[in-house]
Amino acid sequence: MTRFMHIVRRDLYLALRQGMDSAMVVMFFVLAVVLFPFGVGPEANILARIASGVIWVAALLASMLSLERLFQTDFEDGSLELLSLAPMTLEVIVLAKVTTHWLTTGLPLIAAAPLLAVLMNMNIDGFGTLILALAIGTPTLSLLGSVGAALILGSRRGGVLLSLLILPLYIPLLIFGVSAVDSAISGFAVRPQLMIMGGFLVATLPLCPWAASAALRQALE
Amino acid sequence: MTRFMHIVRRDLYLALRQGMDSAMVVMFFVLAVVLFPFGVGPEANILARIASGVIWVAALLASMLSLERLFQTDFEDGSLELLSLAPMTLEVIVLAKVTTHWLTTGLPLIAAAPLLAVLMNMNIDGFGTLILALAIGTPTLSLLGSVGAALILGSRRGGVLLSLLILPLYIPLLIFGVSAVDSAISGFAVRPQLMIMGGFLVATLPLCPWAASAALRQALE
Amino acid sequence: MARFTGENLTCIRGERCVFTGLDFAIQPGGALKLVGPNGSGKSSLLRLMAGLIPPASGSLAWDDGAVSEDPEEHNGRLHYVGHLDAVKTVLTVAENVRFWAGLRPGADTARSAVVAALGVFGIAHLVDVPGRFLSAGQRRRVNLTRIVSAPAELWLLDEPTTALDAAATAGLEQTMARHRAGGGMVVVSTHTEVGLDGAEVLDLSDFAENVHDEADSMAVGL
Amino acid sequence: MARFTGENLTCIRGERCVFTGLDFAIQPGGALKLVGPNGSGKSSLLRLMAGLIPPASGSLAWDDGAVSEDPEEHNGRLHYVGHLDAVKTVLTVAENVRFWAGLRPGADTARSAVVAALGVFGIAHLVDVPGRFLSAGQRRRVNLTRIVSAPAELWLLDEPTTALDAAATAGLEQTMARHRAGGGMVVVSTHTEVGLDGAEVLDLSDFAENVHDEADSMAVGL
Amino acid sequence: MFDRFANPARFMRFSKIVLPWLAGITIICIAVGLYLGLFTAPADYQQGESVRIMYVHVPSAWMALFCYTNMAIAAGIGLIWKHPLADLAAKSSAPAGACFTFLALLTGSLWGKPMWGAWWVWDARLTSMLVLFFLYLGYIALNNAFDDPTRGSKASSVLVLVGFVNVPIIKFSVDWWNTLHQPASVFKAAGPAVDTSMLIPLMLMAVGFTTYFLWIVMLRMRGEIIGGKIRAIRLRQVHG
């Protein structure tokens, strides 16, 4: 546990020192959402109708983009090799990295979401649920993404390949995430959707670090 | 000219050999568009309303993702250094790379667009214009993107940073591209929008290779 | 004290058999020097010893216990220095060293200990300098500091003198000698001369599947 | 034949003055050997000679014509070998060599010519092998083949013997000697011994802004 | 003009003298401008009290454009004449410019709610202003993305010049497209179409914002120069 915190602390520190990591992800999130009014046109009711979908899609894309470098820099400068030679299980190391990733991207996304909801003219009744759903969903995104990020190490095409690997896995989250928000806006119960998303989180929490470590070991061969 | 073709030929060959480059970009394009029916819900009239916008946004994102590696691999393995030491102007080399990028991503995107338009239930009157607008717009995307791709060489954050730099520059194309398609669907003239987009292309054709070479020279210092 | 042995090792990389039927044994205080032409598998053998790649056949043992049975424990007793220096550019030298030391039990991460470890490679004055200011040789020294900042019996060093100038090379040789005097083991791959008294020399080209004579074809080409 | 000279050169990299007040002159058939400790600026000077970085002050001249006036022409008369090998993993050795040769006027890109060039470094038998199967030393040889596959008067070689085994190093030395015998010029940076008869030696540490004594601090640290 | 401040040492001396004056002018102008704008200037017969947002909105919008133009000029000088202070000036202006842009967007939105009935509409002026905001952020991000600060400032200089195309678009968007947003009413060929009682506080605010900008930029440049000195000391440590 202390070594887990040791890694989390270093990675957080690196993220802060290298600066702007989180800020950039949030900016991409905002930019991606903002593209839609340009594309779809400025009619407020249409925007409101698609708001929750667009915000979720942008969150998926932002999370995906930032995941590309989850292990990449450590892989390239040799740190990953040495981490895997540390006397502790690789799964714990992966979990530490995923935790940092969520703290530096998931949390800021959640914080930025209400602003985007305003820009997209979303109904105010959905705000609370949007935040709650993102809070349950983004850790799952980071977990699923870690597997993809480990798989693409050393491949020639990072970003595009990663998107192909993990976007399909993200779709269930997207469906339930959007449906929760829409239910809230229409005044229906949101518990079922949130429960299902919680289930995803509980399932991926042990599985993904395990799969990601297997992929990492292969990348290091 | 023959050396221009020499570089284009090598890069095309590399893209084919490394395989899947174009295929992956197209798949990302399709996936990004397909996320929307999941996010927004399957109502045909809403989808039709936002179709042109979603397709354009997905095209921007796909183009952006693939641009990250425009110079990256050559930079990392030392090829870029040697290319810049070839007895020819760097602008020509950039133009060769942009040409290959467009051939391997822009063209396939154009080819895939009608399929997506069908998926999104777009009005059939817009198909021709969509293809035409993409045909004029995607080279501009590649050109603008080459500047961003050159600027981020050697930076700590590739993909996310690139998106911040070039998505704002893509916005005018998005606006006119969508507006052309929407005009076609509503039966208005599309010439003005296409003319403006053509103007963008003519303006970026000399400017972007120049700016990109300036950025490349700095990266190689 | 322990013994580190490998028996009948075969290594296959990228569909090619790099070496086969390789045996080695290192006693406490012993050293093994890996030599051989380019591509003969020196780096591959070191990665295999570190457990980064599993042998295609054969086995590694630590005192008669198979290494593959408890990889974590094996990690705890070795230091590996590869081609990459793993120095983070935004962290200071002290922060870099302390991070790696902190991952191991029994390491002293106090500032004075870190400074002392840096002193071994003559870079104690760089303790608060961020990694990005370091030259290639200085980086390498920071990487080498790792191996003295936390104890481990087995040192696996892949061309450790790359980018080092004469003074730093001499320092490394003395450090290795001290480590061995305390019962440690050292495995070093190298193309140049590295002072390792009484080291056993293992020529990797002896274990290639079909020995090719590149030297000949070279002579013909000239 | 031409003369390549540099006058009063200053190089600033990453806000630091690496060297200043440096002069050199190379005659046809001449050679210059760059030595100096890590970070003294050997690679920087070579990049400056290649035109990859502009000098902060001072100027380079080719036969009294300033190099900065026509960088493209300068590119045409030099070959640069840096730390990176620029070998594409998915192209065969022949394709790799032919691509670089094809960018230069006067190069023969026929297969027989490529094979002959590869033969100079003893890797003619690898002609159809994809780059990804090469070891570090073989890659380096492919990179070196570039310089014989198209003619150029000035060779700028940055630690060319890195990763080369003894046989390949000897081959390179002979090739350089032949190039100089034909009136070519060679600039080589190195930490180890490279045979270059009658080469002028330029110690980069003589041109540092304030000469430092790392060797001393090293001795204290040990 | 450039030669005079050519070396950082002279800039340090010069700025030390000028800084207190800039601070004084800033405080006085903004204090008086705000007082006049918020309390003495008349409310609009159409817009009511909400017109008072103008005294912040319009100067910050002007400053957003002014800042970016400055940065583009400084970046150009830095790239062509390699003037060290020019790069610092561009780098130091960016955060201030981003803040002004954000302020213009914020006050515009606050004003939009009573005027247009929505916090945000997607018209050309607003849109291009948002793009400007992203360009500022992109500039800052790129500047900080490299280990070597000189590389960061050169790369971002190229970006700032490429992005300059957006400035005329913002300026003339109200004329080229018919938008909800007001067309220019102060700087017109025929003279300002605004009453003096409103024009005076507006101008005071504009002057105050400008001196504030200069103040901040000089402060930041001083900080950058000192940071450079610290880095130099570090480097000397490394290399003996």
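Each chain carries a letter (A, B, C, D and E) given by its place in the written order, and its residues are counted from 1.
To be clear about the criterion, a residue touches a chain if its C-beta (ideal position, glycine included) is under 8 Å from a C-beta of that chain, and two chains touch if they have at least 3 such contacts.
What you see is a predicted model; the values in this text were computed from it and never measured.
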item: Chains touching both chain B and chain C; value: A, D, E
item: Rigid-body rotation angle, chain D and chain C, from Cα fit (steps of 5°); value: 180
item: Inter-chain pair with the most contacting C-beta pairs; value: A-B
item: Chain centre separation (chain B, chain E; CA means) in Å; value: 32
item: Inter-chain centre distance, chain B versus chain D - centres from mean C-alpha coordinates, in Å; value: 37
item: Interchain centroid distance [CA atoms averaged], chain C/chain E, Å; value: 55
item: Residues of chain B whose C-beta touches two or more other chains; value: 18, 156-157, 161, 164, 167-168, 171, 221
item: Shared-contact residues (touching 2 or more other chains) in chain D; value: 14, 39, 214, 217
item: Residue list for chain E, restricted to those that touch at least two other chains; value: 127, 134, 137, 141, 145, 147-148, 151, 235
item: Contacting chain pairs - touch in the sense defined above; value: A-B, A-C, A-E, B-D, B-E, C-D, C-E, D-E
item: Contact footprint of chain C on chain D as seen in their complex; value: 14, 37-39, 118-125, 132-138, 140, 162-165, 167-168, 170-171, 174, 191-192, 214-215, 217-222
item: Contact footprint of chain A on chain B as seen in their complex; value: 18, 20-21, 24-25, 27-28, 31-32, 35-36, 38-41, 46, 49-50, 52-54, 56-57, 60-61, 65-66, 68-69, 73, 156-161, 163-164, 167-168, 171, 174-175, 178, 182
item: Interface residues, chain B side, partner chain E - complex; value: 147, 151-152, 154-157, 161, 164-165, 167-169, 171, 211, 214-215, 218-219, 221
item: Contact footprint of chain E on chain D as seen in their complex; value: 14-16, 39, 208, 210-214, 217
item: Partner chain A, residues of chain E touching it in the complex; value: 118-123, 127, 130, 134, 137, 140-141, 144-145
